[in-house]
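What follows is a pair of complexes built around chain A, which joins chain B in one and chain C in the other.
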Partner chain A sequence: MDFASLLTDVLREATGPTAIAYALAAIGLNIHFGLTGLINMGQAGFMLLGAYGFAISTIAGLPLVVAFLIAIGCAVVFALILGLPTLKLRGDYLAIVTIAAAEIIRFIGRSVGLNDLTGGSQGLLGNQFKYSFEGASPFADGLVAIGPISLQMNASNSWWLRIVGWGLVALACLIVFLLLRSPWGRVLKGIREDEDAVRALGKNVYTFKLQSLVLGGVFGAVGGIVISLASSVQPDSLGRPVTFNTWTILLLGGAATVFGPVLGSILFWAALVLVRGLMRGLIPPDVLSSTEIEPLGFVLVGITLVLLIVFRPQGILGDKKELAING
Partner chain B sequence: MAEPIVTDAVNPDVVAARDALRGVAHTPGVAKPTPLLVADGVRRTFGGVNAVDVEHLEVQSNVITALIGPNGAGKTTFFNLMTGFDRPDAGSWTFDGKSLAGVPASRVSKSGMVRTFQLTKALSRMTVLENMRLGARDQVGEGMGAALLRPLWRKQEKEVTEKARDLLARFKLDTKESDFAGSLSGGQRKLLEMARALMSDPTLVMLDEPMAGVNPALTQSLLGHITALRDSGTSVLFVEHDMHMVRHISDWVVVMAEGKVVAEGPPKEVMDDQAVIDAYLGSHHDTDLGDDSLLEEESVISAEAMAELEAEEEAK
Partner chain C sequence: MLETAHRAASRRHRRRGLGLLPGLLLGLLLTAVVGLVAVPAGAAPAACSPDAATACIQGTLRTSAGEPAVGVTFDVEGPAGTFQGVTNDAGQWSVAVTEAGEYTVTLDETTLPAGESLRDPAANPKTVQADLGRRPGALFALGDPAAAPAPSASASSSDGAGSGDSPESPAAPEAGAASEGGASGESAAAEGSGNNRILQLVVSGLVFGLLLALASVGANLIYGTTGLSNFAHGDLVTLGGLIAFTAVRTWGLPLWSAIIIATAGGMVAGWLLDAGIFAPLRRRGVGVTQQLIVTIGLALSMINLYLVLYGASPLPIVSSISERIDLGPVSLSQQTILSVVIAGVVLAAVALVLQRTRIGRATRAVSDNPPLAAASGIKVASIIRGVWVSSAGLASLGGVLMGLYLGSTRFNFGSVLLLLMFAAITLGGLGSPLGGLLGALVIGLVVELSTLVLPNDLRYASALVILIVVLLVRPQGILGRAQRIG
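So, the complex of A and B:
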C-alpha cells in the first residue's frame, strides 16, 4: 500500500473544508456547552439553516456579503425561536427541543412542496450558488500544488475556500478568547455552574443564555456555509450524525478551551481518513469490501474516542483539575 | 484567630434602630418604626398544605433579625418568595418602599436584597476571585459587545478586583484567591457565598442557615462577620436553627410555625414564649433554647478544634 498518498489524503482532509466547517460548528457548541452549560443537540440544524440561507439568497441574485448576512440572520432567528420558550425551563428541555427542531428544518428542506426553493431531497447543487464566492477570489484560476497537496485555486474544494475558512476559524477563536476572559464570559461560566446563584447576584440569566445560544448558533451557520461551498447543500448530509460528530469533536479537543474544538476537528477527520485508508490497504477486498470499510471507520474512530473519554475525560486541551471538581 | 463578637454597636443608625425596637410590642405582625421589608398576606400552598401563610410581617432596618422555627415551618419558602425564586399564590410585599410582587429574582437582587442559600452555591469550577468578581453590579464588560473591547471595562475590572480582594481579606479567604471554589471546605464556601453577596453593597442580606455545616472553629468568625455587617449599615435577616447564635447576635427574632408567624420579639423574651416552646415541642422540649453555658462549652470545643486545625495545617 502507498503510505505517502495515504498521508497526503490525511493531510488534505485534516485541513479541508469539512474539518473547517466542523471546527466552526464545534466552536459554536463550545460557547453553548463549554461556557454556558447549554445542551444543544441541534447544531446541525444551525449549519443547515446557514447553508440554505446562503445558497438560496445567492441563487436569488443577492451579492456575497448580503447572502452571508442572511445566513447569519437565519441562525439568529432560529436561536431565538428555540431559546425564548425553553431557556426558562431546565436544561434538558433545550436538548429535546433543539434535536427536534434540527430535524424539522431538515424535513422541511427536503419536502417536495419546497422543491423550487430548496431542491427537495436532492438539495441545491453547488454550481448554482458558488459563483459569487469563487468570483470574489483575488487569485487566478488553475491547479496549484502546495507541498504534497494539489488543488484548484478557486473552484469547489479549493485553496481559496481553505484560506477564507481558516481565516474564519481564526476569527472565531479570537472572539472566544476575548469572551472567555471578559466579565460576560464570567457570567456564562457562572450560569454553567449554578444559574440560581448567578440569579441571586442580580444577573438576568435568561438574557445571557439567549445571547450564548444565538452566538454559538451563528458560528454553526458559518460552518454550514463553508461545507456547502465545498460541495452542495444536501439536507440529509446535515442530519443528526453531524450534531453527534460535532459533540465528539468538542469533547475530544476539550470543552471550555479556545483551541480545543479546532484541534478536535483536525484530529477527528485525520483519524477517520487514516483508519479507513489503512483498512483499505491492509485488509483484502474479499474479507471486507470498501463499502463495509466506510462505516467500520466510524466504528473504530468511535471506539478510540470512547477510550479517550474514559482515560482523558477533559479532552486533549482540557484542564484535568477543573473537571475533577464536581458540584 | 476567631474575631470577637461585636455586641456593642458603634453605628448610630444601629443604636437608633435598637432603641426604637424597644418600644415595639411583642406580638406577631407588629409594625416596626422603620421597616425595610413589609409582607402582606403572602401565601404559598404546596398541594393543599399551607407552606407559607404570613398575614403581616415587617423587618426592621439596620438590625439583625432572626427567622426561626421548626423544620417545615416555611422559613426557606418565605425566603424564596421574598427574593423572587418562587411565586406566592397570593400576597404582596414591599422592599425599601417598592413593591416586589412578581419581580424576577435578578431584579430583586438588583434592588438591594441579596440572598444566600441553605445548600451553598459556590460556583465550583471558577476560582474564588472569579466568584467574587461575579458579585459586582453594573459591569460594562457584561454586555456581549463590550466584552470584546477590553479598554471599555479594564478600569472597572480593576476596581472590582480590588474590592473583591478587600472582602476576601476580611473573610480570611485571601490566600485561596486562585483556588477553585469547589476545593474549599463547607465553611469556607459559606464565607465565600456571604462575601460574594457583599460585592454589591446590598441594603438587606438574607442568609439562609449561615451556620449549617460550618466547622465550630469558623462559627465564631462567621458570627463576627454578621455583626460587623450590621454595624457597617447593612440590615440582616437570617434563618437559623442554632439557638445560641440566634440569641447572641440577633436584635429581633421572628418565629414561624406551620407557615405562620407565631411570635416575635427580642431574643430573650421570644425563647421564653410559650408559643415558641410549643412550636419546637418534641425536638427541643427539654433543652433550654439558648443556654449560655452550652455556648461557653462550645467555645471551648471551638478552641480545641482551632488548635487541631492549626496542628493539621502545620503538619502539611
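So, the complex of A and C:
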C-alpha cells in the first residue's frame, strides 16, 4: 500500500473543512459543557440551522455578510427557544430536549412539504449558494499546490475556505481564552461546579446559562456554514452522529481548555482517515469491503468515547481536578 | 419481620441468579454465533438486494402526473458489463451489478409512455457511483422541460447513497443514517381506507403505542433504579429485531423460537453491559452524567457495528405478506395481532411482577431509595443487575414485535425509535412504569393521528414536539412525582 498518499490524505483531512467545522462546533460545545456544565446533545441542530440559514438567504439573493448574520440569528433564536423553558430543569432533561429539538429541525428540513425551501431530503446543492463566498476571495482562481496538497484556490473544498475557516477557529479560540479569564467566565465555571453557591452570591444563574447556550450555539452555526460551503446542505448528514462525534472530539482534546477542541478535531479526523486507510490497505477486500470499513471507523469512535470517559475524562489537555463532571 | 422478608427475597433472588447463569452463557454463545454468520444470506424478497458482493443500481420513475411509469427500459453500462432494467407496475427498476465502479445509466426514451418526455434531456445518460452493498439511485424526472420540479421525482433514492451533489463530501460522517423519518411508512395506517380512516388510525396508534410501551419499559426501569438515561436502549431494540431476522431468514427457524432467542440474546446483552461496564462504573462512583456519555458511545458503536454486519437495507423478518383480518370496520394483519397479544401479556406480567412479587417489591424499594433499600437487606447490586437483564430482554422482544408490525427491521430502526421512547417515558413520568405505558399510548396515537394534518414524514417530529411541551408544562409527567425533577 501507498503510505505517502495515505499520509497526504490524513494531512488533507486534518486541515480540511470538516476538521474546521467540527473544531468550531466543539468550541461551542466547550462553552456549554466545559465552561457551564450544560449537556447539549443537539449541537448538530445548531449546525444544520446555521447551514440552512446561510444557504437559504444566499439563494434568496442576500449578500454574504447578511446571510452570515442571518445564520447566526437562527442559532440565537433556536438557543432562546430551547433554553428559556428547559434550563431550569435538571441536566439530563436538557440532554433529551436538545437531542429532540435537533431531530425536529432535521425532520422539518427533510420534509417533502418544504421541498421548495430546503430541498427536502436531497438538501440544497452547493453550487446554489457558494458563489457569494467564492466571489469574495481576493485570490485568483486555479489549482494551487502547497506541499503535498493540491487544491482549487476558490472552489468548494478550497484554500480560500481553509484560510477563512482556520481564521474563524483562531478567533473563536481567542474569544474562549478571553472569556475564561473574565468575570463572566468565572461565573460560568462557578455554575458548573456548584449552581447553588453561585445563586447564593446573588448571580442570576438562569441568565448566565442562557447566554452560554446562545454563544455556544452560534459557534455551532458557524461550523455548519463551513461544512455547507465545502459540499452541500444535507439534513441527514447533520444528524445525531455529528453531535456524538463532536462530543468525542471535545472529550478527546479536553473540555474546559482553550485549544482542546481544536486539537481534538485535528486528531479525530487524522486518526479516522488513517485507521480507515490502513484497514483498506491491509485487509483484503473480500474480508471487509470498502463500504464496511467506513462504519467500522465509527465503531472505534464509539469505543474511544467510552474509554475516554472511563479512563481519562479530562482528555489530552484537560486538568482532572478542574473537570469533575456531575449531573 | 420486614427484614426477614427482605432477606428471604434477596436469598431467593441470588439462587435464581445462579440458576440463570448457565442459560446466560448459552445465550452468549448464541449471540457470538449470530455475529459470525450475520451476513443476510437468503434475503431476496425484491428483485435485487445488495450484499457484500452486489450493488443495486435502482430508481423509481414517475410520469409528470405522478403516476408510476411502467415498462421503461434502462441500459446500465460499467465495469461489470452491460445490463438492462425495466420499470415494473410501481415504476421501480433495479439492476444488480457485482463490481464497484462508475456506471452509465441511459434511459431509452423510445420506451417512455405516450406523451411523456424527460424534463432535462441533458441529464440522460446519468453516471452513478456504485459501491458494493449499496443501492445507488439513478433518478430521472419526466415532464415538460420548462415546468417546475414535481416533488414526486426526487422522493425515492432509498438510502441516500446515490444522487445529490456531494462532489467531495467530507468523509461522509453519516455512513447511511439517511432516510429514517419516512422509513416506516409500512404501518397499517397506510392502508386504511377513506371513510373509517380515523378509526383505523386510532387502532394503529394504540397498537404502535403498546409496542412502544414494551420497547421502552426497560429504559424506564433502568432510569428508576439507577437514574441513568440509557441512550443505547434503542440499539438494544434493534438487536432483538436483527437476531430474529437472522434466526428466521438465515437459520430457517420458526418465528416463535426466533422471538425466544431474540429475547434471550437481549438478556445476555443486558447482563454483559451491566457486568462489564456499568456495575464497575457504579462501584467506582462515576457520576450519572459520565455514564450517560458512556451509553452514547455504546450507541454509536452498536449502530455502526450493525451497519457493518447487516448493511443499510431494510430486513423483513418474515418474507410472506401476512393475511389481513377484518375486525369490524378496521383491518389488521395477523402479524400485528400476534405482536399485540404478546406485548399485552408481557406488559401485564411485568406489572404483576413489580406489584406482587418480592423481587418486584425489592426493585421498587431500590428505585425509591437505594440506601434505605440496602439498609433493609436488599442486595441493591443484584437487583440492578436483574433490572439491566430484564430491561434489555424486554427491549429485544419489543424490537422483534415492532419489526413484525412495521414490516421490516433495519440497522438503525431502534435508534430512530429511541427519542419516541424517551418521549413516552418522560410523558408518563420518568421512573414510573405504569405512566410509561400511558405515555406510550399517547405518543402512539399522536404519531398516527398527526398524519391527518401533517405530512407523513413529520409524524415522528410531532411526538418530539409533545415531549418538549410536556417538559415545559409538567416536567414530572402524567404520573411522576414532582420531587423527581431537581
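Following the convention adopted for this analysis, the second predicted complex is superposed on the first by the 310 of 327 C-alpha atoms of A that agree within 3 Å, B and C clash if a C-alpha of one lies under 4 Å from a C-alpha of the other, contacts with A are read in each partner's own complex, and residues count from 1 in each chain.
Keep this in mind: a contact is a pair of C-beta atoms (placed from the backbone, for glycine too) under 8 Å apart; a residue touches a chain by one contact, two chains touch by 3 or more.
Computed from a prediction, not measured in an experiment: that's the story for all the values here.
Partners chain B and chain C, brought together by superposition on chain A, fit side by side with no clash. When both complexes are overlaid on chain A, the residue A:Thr291 reaches chain C alone and has no touch with chain B. For chain A, the partner with contacts to more residues, out of chain B and chain C, is C. After overlaying the two complexes on the shared chain, residue contacts for A:Leu168 are found with neither chain B nor chain C. Once the two complexes are overlaid on the shared chain, A:Ser121 sits against chain C while remaining clear of chain B. Of the two partner chains placed by the overlay, only chain C lies in contact with A:Ser232; chain B stays clear of it.
When the two complexes are overlaid on their common chain A, residue A:Trp269 makes contact with chain C while staying clear of chain B. In the superposed model, A:Arg110 lies in contact with chain C only, and not with chain B.
In the superposed model, A:Val306 lies in contact with chain C only, and not with chain B.
When the two structures are aligned on the shared chain, A:Ala51 is found in touch with neither chain B nor chain C. Per the superposed model, the minimal spacing between any CA atom of chain B and any CA atom of chain C is 11 Å. Once both structures are placed on chain A, chain A residues 325-327 are touched by chain B and, in the other complex, by chain C.
By the touch criterion stated above, chain A contacts chain B in their complex at residues 175, 178-179, 182-187, 189-190, 192-194, 196-205, 211, 215, 321-323, 325-327. For chain B in complex with chain A, the residues that touch the partner chain are 83, 85, 104-107, 109-110, 114-117, 121-126, 130, 133-135, 137, 139-144, 146-148, 150, 153, 157, 180, 182-183, 193, 196-197, 199-200. Chain C meets chain A in the complex at residues 52, 100, 131-134, 149, 151, 154-155, 157, 160, 163-182, 227, 229, 277, 281, 286-290, 292-294, 296-302, 304-305, 307-308, 311, 415, 419, 422-423, 426, 455, 457-458, 460-461, 464-465, 467-468, 471-472, 475, 485-486. Residue ranges of chain A in contact with chain C, taken from their complex: 13, 16-18, 39, 41, 85-86, 89-93, 95-97, 99-101, 103-104, 106-108, 110-113, 115, 120-123, 125-127, 156-157, 227, 230-232, 234, 236-237, 239-242, 244-245, 247-248, 251, 269, 272-273, 288-292, 294-306, 309-310, 313, 325-327.
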